[in-house]
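Naming follows writing order (A, B, C, D, E and F), and every chain is counted from residue 1.
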Amino acid sequence: MKKIEAVVRPNRLEDVKEALAAININGIMISQIMGCGRQKGWKEIYRGTIVELNFLPKVRMEMVVSDKDVEKVIKAIIQSAKTGEIGDGKVFVYDVADVIRIRTGERGDPAL
Amino acid sequence: MPGINSGDTTWVLVSSALVLLMTPGLAFFYGGMVRRKNVLNTMMSSYGIMGLASIMWVAIGFSMAFGPDFGGVIGGFNWAGLSGVGGAPNPGYAPTIPALAFAIFQMMFAIITPALITGAVAERMKYSAQLIFTLVWSIVVYYPLAHMMWGTGGWLKNLGALDFAGGNVVHVSAGVSALVACILLGKRKHHGVSSPTPHNIPFVLLGAGLLWFGWFGFNAGSALSSGALAAHAFLTTNTSAAAALLSWMLIERIFNKKPTALGAATGIVVGLAAITPAAGFVPIWAAIVIGFVVSPLSWFGISFLKRKLGYDDALDVFGCHGIGCIWGGIATGLFASSAVNPAVTNQGLIFGTGNLMVSQLIAIGITIALAGGGTFVIMKVIGLFTKPRVTLREESDGLDHSQHGESAYPSFTGLD
Amino acid sequence: MPGINSGDTTWVLVSSALVLLMTPGLAFFYGGMVRRKNVLNTMMSSYGIMGLASIMWVAIGFSMAFGPDFGGVIGGFNWAGLSGVGGAPNPGYAPTIPALAFAIFQMMFAIITPALITGAVAERMKYSAQLIFTLVWSIVVYYPLAHMMWGTGGWLKNLGALDFAGGNVVHVSAGVSALVACILLGKRKHHGVSSPTPHNIPFVLLGAGLLWFGWFGFNAGSALSSGALAAHAFLTTNTSAAAALLSWMLIERIFNKKPTALGAATGIVVGLAAITPAAGFVPIWAAIVIGFVVSPLSWFGISFLKRKLGYDDALDVFGCHGIGCIWGGIATGLFASSAVNPAVTNQGLIFGTGNLMVSQLIAIGITIALAGGGTFVIMKVIGLFTKPRVTLREESDGLDHSQHGESAYPSFTGLD
Amino acid sequence: MPGINSGDTTWVLVSSALVLLMTPGLAFFYGGMVRRKNVLNTMMSSYGIMGLASIMWVAIGFSMAFGPDFGGVIGGFNWAGLSGVGGAPNPGYAPTIPALAFAIFQMMFAIITPALITGAVAERMKYSAQLIFTLVWSIVVYYPLAHMMWGTGGWLKNLGALDFAGGNVVHVSAGVSALVACILLGKRKHHGVSSPTPHNIPFVLLGAGLLWFGWFGFNAGSALSSGALAAHAFLTTNTSAAAALLSWMLIERIFNKKPTALGAATGIVVGLAAITPAAGFVPIWAAIVIGFVVSPLSWFGISFLKRKLGYDDALDVFGCHGIGCIWGGIATGLFASSAVNPAVTNQGLIFGTGNLMVSQLIAIGITIALAGGGTFVIMKVIGLFTKPRVTLREESDGLDHSQHGESAYPSFTGLD
Amino acid sequence: MKKIEAVVRPNRLEDVKEALAAININGIMISQIMGCGRQKGWKEIYRGTIVELNFLPKVRMEMVVSDKDVEKVIKAIIQSAKTGEIGDGKVFVYDVADVIRIRTGERGDPAL
Amino acid sequence: MKKIEAVVRPNRLEDVKEALAAININGIMISQIMGCGRQKGWKEIYRGTIVELNFLPKVRMEMVVSDKDVEKVIKAIIQSAKTGEIGDGKVFVYDVADVIRIRTGERGDPAL
């Protein structure tokens, strides 16, 4: 099993969600983070002074999937999150040692 | 100043301040209901109009609405810049207060009316287009309507139609204009797919509380003097709000098991709207009826009609204000009583003949036609010069960022 | 209308609007103090009552409280539906304003009093049970108490007890009822284990600010006319609030090193409560004493007594309003002066004999007995028909979800 | 009471309540603009002063400001504890209302003025030092200034300088004191590095809305009677606010492409400030000019001057209130007209000679000197006893924690 | 060392916390996430229309523990978080390469 | 590649950010969490009662870096986040299986 962690633009959330649902990925954890990267901040105006924001709001979606689904998921994320401009975000993949479904106590792949 | 009554003047000035506060109240009522990425834009729709409509009123609005009559439909420019409007009373409008105080009080109505409309086009209309719309709409729809209904020589007034505090002039006109504008603008992206998400319901309640408070100025202030009539309008206002609040909770309890806070706030507002045309004309018991009935009507409009017809009136301006005050105007035709207010020359249907009801229906019809037609034309004309709607990208980024370059709560994390 | 003074009428109408605004103010004062999963329920407790108590007042409340006397304890139904209550003044209550204005002003008190109680049972009482409680409590406790204290023929009034703006009728009765109700309802789960967590202290400050503002209507409006007495009550009110705010900050500084915002807001409210029975009777300097002393008393009640006795008065209604106004009633017995208000026939203890003090103690005692006993019986009777408390699961999910099917701030992440 | 007009009294009492509400309004206006770890401290700066300045006013303030004159600069202690200030009018100040009502109204000004200053030193000044500063500053700067400008026998008043509702006494004095205090205190850590981050812009809008509402009491209440002058001041106030709101949005549109909500709120406040000294003296059209011009001036001060000079006026008290009311005072010298108010004996520059303008400039100069010099000395003296600034660690932890032991929104996650 | 990541219902937070404290697990990171899974959303009523929420608030608790404690921790979580209804959540286990205590610079197991 | 997860005091955020920027680490995800650990809670006063908070706000910074940078990053974090008092926080290191830049589709080290 792998954990896939995608950092995307907030306005892509619904599209990515739909793209994932389309390939039957339904277990997801979503959170908002503040990101720094190459993307220069949005400019905001504060009483006549333009300020550049260091940290930009991003959405992080994490899902644990079985090994065979990894590439499919990555593809779906890229397709739905990509705009081509700097700041589109990243996908990180990690190994998962185990998964347990609290309700049933099932472990491993069946628990997903 | 001869003829000026200090108690009456105080009442009208305080009422003016109360009505002014309703617009910030509306900003919170509306602002709490939109997604968090659109809250500042939604609030700015109201605040910006506080600036624009105030200046317009001083410059030409008062004169066009209440100035010397032209053909029963509009006032002349004689009082432009409020020239000649000063400390002496205008006996035709309010004999015991400075004419300036009357002009001030009416100004507050000219502010909140276009602000009401912005709720329907929330989350997708360009801010600049909103301000332009307000400017033109005030001239094309509001000033003539106010003149016809309330101005000396206005033909709806002469017809005998009653509108105590702006049922037609303010609420029906705003509600119908809102409906037309939101249809022309089109639905929000994802509307109907993702859930509508009021981002801050306590703000909605704050807005409803301020509106209730301010509405005493709106309705009881429309007596334009302190005393028995003001007290009467004060109580009908409170009673209708209370009854509508209870009946909205009741409906929700029946249909959805649980009374919601958003529903309660909505009930308050429709109850206040519905009693507006009737406040100084109907008995107290009628206020209970008016309030109790308006919630089911609006609720039906919002939860069935809107879904059926498929328009995207974001914050239900038509459902609340339009439907609410069409009912209010009809109810005035039913329940108006000369025992309550000697200015009622034709009694309501239940007390006498149907004359008043006919005038009421005509007045409502004219209001719908003028507001609907006017808005249609204005939106089309604006569309010739600019796209009134933001781009899809701007819509999904949120209007706070795209229209104002800000975010409302930058140090709170969350998802819209 | 003969005998009507427009300035007085304006003052009472404005005061009524101010007192109405106190209930939304209370909703924020209370709502900010609960956990975020319970904020809507807490606010709805106040807002719902704005509907219910308004309608009840028009229907029967005013008549039962101020109508023709029966045996010194209750008014008759003669004025039910406000029949006969109109533009002419009622000389026994307020000779220079429409009787309707008096009825309106008093209505606002009948709204906020049961709303106060809901703070004690917050975070665990069923919403429907709260409304039923309010309905019955108004009839069994509030109307009789208001009649006894203020109604023409009321026996506590005849006894010579003084209660300028509702120390007993509003605050002691709400505080004691709150205490009894929260004890019968039982503690919140995890109460005493996890920390109490006001989720939004700026809302508490907003509420306190609106309460301060509205309280001018509450107290100075109780002069029922504009002029010297209203001005006097206005200033004692402000002074007591200020003194109590300072003394609460001082206590916190002494005992916990730091003055808190929640403490400051609490100080404001107890200072306003304590002066309520005394506002139009005592000299300005006495207002400083009353305010300065009430904070230590309430603070002691909240931080020691409550812990000792182990009841779970969630938002300290008894500690603030009960203790605060028992002190206020006693202070009236100490400091009332006929130099301030000729209506004071027996001077306070420090100026003369103890007659007034005896009446005050009797009135407070009767209030405690009626409110405490009444609440006990009502809660027990309600308990026969329904469980007034939500289930443990509903409590931990939060009452916003379980009672109203909503969440207050859906797009903000956080932990309750 | 002979000579008392109930309508006038009602107006002044209501106005007093409105001005009281401005301080909570200010707390939200300011509180929304600071980082979330400092919001309670910023709000408490205003709330604490509501306690302190009220008590001081009753004790000595009114007497020092309005009591029997000493040398044109200060009032005597004759009326300390408000002794002798009661129901009878003081003809020199307000002949138709109780002297007590006048004292109450003026108290509200003595509360908000020091509260304004706290915006400049936000996010870094010790809370205790703020309260001590307020105490001393009221005695050293405010009471003398109020006396000189408004007190019977005050030399600036005798000079013929006009200040309708506190342009100098309130705003210039607060703005200049704020500037001096923030320079002496030094910059915030990271100021100029990390971005300024208003944490809750809807709160800023709420504050601006409440300020607008309350300012009607501030300015129109300063007529001290109901009637034509009050109505006139009411309308100039609204008009200037509206014009300044529009011109601020316009500037932002021109220079930064987008009108912001924070800018709109700022425009409202500077427009209200600028009209304050002029409200009852200038024609309505002049109010448009005053409002329209003040926004560019303040905007320039805030976005260029401040950056150039490098002081850290956290919430731009000098830029808004100082610059705004220096302009307002000068504008009074330009536009004051005896046609508007017969109390204007020397007309403004555009109507007549420059006499009035000279008095205005002297009055502004004296205000700057007294406020600036007084603040300098007070800050230095306080510095002898305590460090007025929190430690760096306390500053980065946030003043809510370090000064009050609280956090404002404990159940919302986010980053400051 | 392993990282244990548990996604549970918000109303279970206090119980899970206590259960963990009982077995001496005190170092925890807690955050709120929005989760999708099999659990159908809560229904909320919006002006007469019932809407179903896609994303439900969940609490995520993360703790790094030494290998020997893993099973004990999982058991404690399951016992305290289980209600038996859909939506009880999951436990994920990951490998940890290293841990450093900032205060002391200690590394590995002693840093926990 | 490794993921470095640092839990630090909120008031250290800006300093750590600067320290990381100084060694050219610019891709970061920042979030606020509530932490429990050895540090006793801040005391807050609730109407005259002192309450101790169980959970303290902490800032979590996560960054994925190439293996060679790991020690450098840890050092920078420790230096900028350390106060020496209990509650300074921890640094956790995890293996990363893969990284993809959404904008370009690059994978592995070049995607960082």
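Just so we're on the same page, a residue touches a chain if its C-beta (ideal position, glycine included) is under 8 Å from a C-beta of that chain, and two chains touch if they have at least 3 such contacts.
Since this is a predicted model, take the numbers as computed values, not measurements.
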Shortest path length from subunit A to subunit C (each step joins two touching chains): 2
Intercentroid distance (Cα basis), subunit C paired with subunit B, Å: 33
Where subunit A and subunit F are represented by their mean Cα positions, the distance between them in whole Å: 19
Cα-centroid distance, subunit A relative to subunit B, in whole angstrom: 44
Length of the line joining the C-alpha centres of subunit B and subunit F, rounded to whole Å: 51
Touching two or more other chains - residue numbers and ranges from subunit F: 30-34, 44-45, 53-55, 94-95
Subunit C residues counted as touching two or more neighbouring chains: 5-8, 10, 14, 194, 198, 200, 206, 256, 258, 260, 262, 405-407, 409-410, 412-416
Interchain contacts (touch definition) - all pairs: A-B, A-D, A-E, A-F, B-C, B-D, B-E, C-D, C-E, C-F, D-F, E-F
Contact footprint of subunit D on subunit A as seen in their complex: 34, 44-55
List of subunit D residues in touch with subunit A within their complex: 194-196, 198, 251-252, 255-256, 258, 260, 262-263, 266, 299, 302-304, 307, 316, 415
Subunit C - residues contacting subunit E, complex: 190, 193-194, 393, 396-398, 401, 405-407, 410, 413-416
Parts of subunit B lying in touch with subunit D, wherever the complex brings them together: 1, 4-10, 13-14, 16-17, 20-21, 23-25, 27-28, 31, 39-40, 43-44, 47-48, 50-52, 54-55, 58, 81-82, 86-88, 97-98, 100-101, 103-104, 107, 127, 200, 203, 206, 400, 403-413
Complex interface listing, subunit D residues touching subunit B: 5-8, 10-11, 14, 18, 35-36, 197-202, 205-206, 208-210, 212-213, 216-217, 220, 225-232, 234-235, 238-239, 241-243, 245-246, 249, 256-262, 264-265, 267-268, 284-285, 288, 409, 412-416
